[in-house]
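Input: structures, listed below.
You will see two complexes here that share chain A, one where it goes with chain B and one where it goes with chain C.
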Partner chain A sequence: MTEQRKLRILIAKPGLDGHDRGAKVVARSLRDAGMEVIYTGLHQTPEMIVATAIQEDVDAVGLSIMSGAHNVLMPAVVEGLRQKGGGDIVVFGGGIIPDDDIPRLREQGVHQIFTPGTSTENIVKWIRENIKPR
Partner chain B sequence: MLFDTESLKEVLAQKESWTREELAKLLAESPERQKRFSSISDQEIPRLCTPDDCGSLDYLEHLGFPGRYPYTRGVQPSMYRGRLWTMRQFAGFGTPEDTNQRYRYLLSQGQTGLSVAFHYPTLMGYDSDHPRSRGEVGKCGVAVDSLRDMEVIFDRIPLDKVTTSMTINGPAGILLAMYIVVAEKQGVTPDRIGGTIQNDILKEYIAQKSWIFPPRPSMRIITDILAYCTRHVPRWNTISISGYHIREAGATAAQELAFTIADGIGYVQAGVDAGLDVDAFAPRLSFFFNAHADFFEEIAKYRAARRLWARIMRERFGARKEASWKLRFHTQTAGCSLTAQQPMNNVVRTTLQALSAVLGGTQSLHTNSMDETLALPTEASVTVALRTQQIIAEESGVTNTIDPLGGSYFVEWLTDEMEKQAQKYIDKIDQMGGIVRAIELGFPQREIGDAAYHYQQQVEKREKIIVGVNKYAMREEIPIPILKIDEEVERRQVENLKEVKRKRDQAAVKKELEKIEKAARSNENLMERFVDAVRVYCTLGEIIGVLRGVFGEHRDPGML
Partner chain C sequence: MISLDALRAREVRACARLMRWLDDGLPEARVLLKQLYPHAGKAWLVGITGNPGAGKSTLVDGLIQKFRTRGQTVAVVAVDPSSPFSRGAILGDRIRMQQHALDEGVFIRSFATRGHLGGLASTTADVVHALDAMGWDVILVETVGVGQDEVEIQNLAHTTLVVMAPGMGDEIQAIKAGILEIADVFVVNKADRDGADRTVRELQMMLELGSSVEEPEDGRGHESQARKDFAGPMRRLGPRGWRPRIVKTVGLTGEGLDGLVEAMLEHKKAYQEAMKDVDFKKALLRREFLEIFRRTLLQRGWSYLMHEDHIREIVEELFGGKTDPYTLAEQAVSALGRL
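The block that comes next holds the complex of A and B.
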């Protein structure tokens, strides 16, 4: 059996909010679980995130938003990836996201939303089951 | 000493025999529930504290009397028997009109001070029509682009009667300038307005991360504000030195205390270096702490904070006025302790946290609403949060006496422990060359990141329990109604901004923006320029835009 390449995940903070505790904890957990993790830092526009994702050739992008701007910013990243030839990059997200908003985000191409209280173990498990190296 | 040497000896002897006999016997039969007991900060907690644990404490030197140095027991001689703390709920959402309505509701329900939450574009210095503001307008707070918005927010609210706290940092001077002009239009002169601007940029780099300019020009703007307010707005609290966000980012209680006090030292030093007399500005510095879930640890933290600051101001900075020595603080219960699961439980959490703030001697308090892990609070949930404070104040009886936990062996031991741990960090930061340098090196940021990760691992291993999340979880969630900010808000706010820009005196705007640029490039006080600029409706984004051109922008190094 050939050894599978490590998963490459971009953890990104779109928008203006500065709450990076969750993004950093998740990023470190994924790294500890053996994935390659790139963290964008704060205050990224969707365009910046798309450019990093393409350039770093990642398998998935995890978006963390606490400001309530998820309905605009998450679909903008999905759409940007599609336009730049990264339509197969899996987009998932987390943050303060009301349940009511989740079905529409899924329809718009966000694969999974992790809400407050999710354990990093569950996030790692979901990524392993749902994301394959491209 | 709290206890004389002879009786301490006797206590120690008996403690040893008790440990050998009663305790050992019981532990042999039934061990304790855990091998190690620790606080939420993972501070190890002793089984039992006795007088010998506070053996080195001297009553007059370390505790003293309320309103007297070192203020461990409180900053006022009568504390809550004289006046209760200010009940100040942080609020702001949607358009200025929406927020004005919420404020007038809160005041009608017995709230005693206002506290403004601004939306992200305002915090970051962008107008609502900027591309970076897309999706953010009115979401996390109220949208303020120009003086017009502040006029609406404070419509029919008398600024000579109400004090206002504004959570604003990078653009703090500009928002204060708008407040001054709104008051002026109500006929209230600057020397009669009271309130607070957060204006604590150092903790932005450390934890909250809503910065605009790099640290050094930011510190210059802050000293301009200190100098201006000392002369013209004497009742204004010029910096609210904030541990709240440091804690929310994952710091331990001792780290919260340490980095907050270290930031305070940074501001006082900057003021002194700018040639200001320490006693002229230090009395207007106030603090803002978190009230987290670990009850006694929080109380110890507040008591230690007062003692630590008093000593620093008197010994390190040579301040002579008592007002400079006193650490006055606002408290907010811990947002990060609330759970989206079984949200009603958050009322109970908040009650305990608020009680710790009161037992710790806070001057003002915000209690979180049960729905804040889901969205901004509804009117119904914010009412329960306010009532929580009123119940503590008027039913529980805890306000009848001052510092009721003073003299508790455990609380005194923990207070001392907090102070020692914080002092260790402060020494380390001094060795690095001060807090600005430590921030540039990423030191506090890294310590906090490590603590946050450590706590999360403890939660996942169930070493730390979160009721309803990693224990007592339920399948069926009780739904509660949440507040939704309409996307229409953005459209309306952008319309209003257009209208302001269309109607104002364009030549005056251009002239004031040029003056700001000139002041920024020289050492002219920027506050005076801000007041003149906002009066002619220069927008926040325009003013910050000019300053960005001069000072540059700070960027997140994206360190994990």
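The block that comes next holds the complex of A and C.
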């Protein structure tokens, strides 16, 4: 109708693991919370995720990684966004990520990490509190 | 701020941001649309519609490839439905177009319908005009998976493809109204499946039957014309005498895509020929204006009622039983003129 700002979130699966159940559950919860979720499927390179985030003008990118390659892939997306003029796009992540890795990921610009057992309500709540439509 | 130069240079960031502004209905976007308008009119607008699961996204993916090979830049507008309950959406059309993610000659943008019916988002026309003015050569608009009545795409696209797959039950029956009438090219996709030839035959038969029914002259005066213009279904505006082509494809392997592109180009040529006709061109301008007028009116009306909060007084008056909603609606419309 007239002005209606909506949160747009890209949910992406970088790397080689094929476990997308978590990503799909999160995508659905965000949709049910009234957000617009762009989902791009499996096996994305950081470059593809960055290009998609910019083209879709999303407010945030959620990365789901089960392969153990989070220390490489997550910072690569943050850096890629910065280089392409999307440094203001919030990056968060989830998956099987050891607690010890989290502080360093945060230092490298990943805003939040959700480990197994996090409720989808918590993810929705965090997004609502920390991300605003730009 | 978005600069006109950045848009004209097809800078991705600026492009993407304008799409967002348009989608969210920001007033700044309208200012840019006015500046862009003189530059529009060069792109070829192609609509791709059809039942859910017919293979539209995969076909779009294949078409991007074909047009890129011909050296043309391609923008894709992919529309998916919003949930009527949460108003959220999952936009998944890109999944099938990932091979073009890094190609700078391709711009893909997903939109949610946000409650708009008709197979598109309410802002799709603006989005497409903007992409046109930015200089994208081909603009592919993929509608939501539609049933029978979601035919809005034909008012926007120069060339409309209706995609269907064989073996989806009595498929021709299901699409015989509405969507059957809007196709410039029928695509029987997944043609490696059983029943593809039957689907083609049924389509041919349907077309032969359809062509013998001439549309009656409209003698019902201008009120009915206004009704038609605003509420649709619109009369079909396209090259006179065009007989819809039927093409078989297998989206996944790319089989038949060359034939599809050929049929599309034939239609493009016929369309461009028709554009030389002053009356045709005026009919298009008329349709475009009416659509923009309708949306402007709605927007103004909404802002008068909601943002300026006149709706509150109106509800109070209704509650007091002093007057009827018809009178109040007329009064509200008269008040709009003073905005």
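The rule is short, and it goes like this: the second predicted complex is superposed on the first by the 130 of 134 C-alpha atoms of A that agree within 3 Å, B and C clash if a C-alpha of one lies under 4 Å from a C-alpha of the other, contacts with A are read in each partner's own complex, and residues count from 1 in each chain.
By our rule, contacts are C-beta pairs under 8 Å (C-beta built on N, C-alpha and C of every residue); 3 or more make two chains touch, one makes a residue touch a chain.
Just so it is clear, the structure is predicted and the values come from calculations on it, not from any experiment.
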item	value
First, second, both or neither for A:Gln55, with chain B first and chain C second	second
Touched partner set for A:Val25, first chain B, second chain C, both or neither	first
Partner chain in contact with A:Gly41 - chain B first, chain C second, else both or neither	both
Touched partner set for A:Gly86, first chain B, second chain C, both or neither	second
Residues on chain A lying within both footprints (that of chain B and that of chain C)	27-28, 31, 37, 39-41
Chain B residues within the chain A interface of the complex	120-121, 123-124, 126, 131-136, 139-140, 204, 208-210, 248-250, 336, 339-341, 373-375, 449, 452-453, 456, 459-460, 466, 469-470, 482, 484-485, 487, 555-560
Chain A partner contacts - residues on chain C that touch it in the complex	12-13, 15-17, 19-20, 23-27, 82-83, 86-92, 94-95, 98, 101-102, 107-110, 112, 114, 122, 298-299, 302-303, 306-307
Of chain A, residues touching chain C in the complex	1-6, 8, 27-28, 30-41, 44, 47-48, 51-52, 54-57, 84-86, 133-134
Chain A to chain B touching residues, read off their complex	15-21, 24-25, 27-29, 31, 37, 39-43, 45, 67-73, 96, 98, 100, 115-117, 119-121
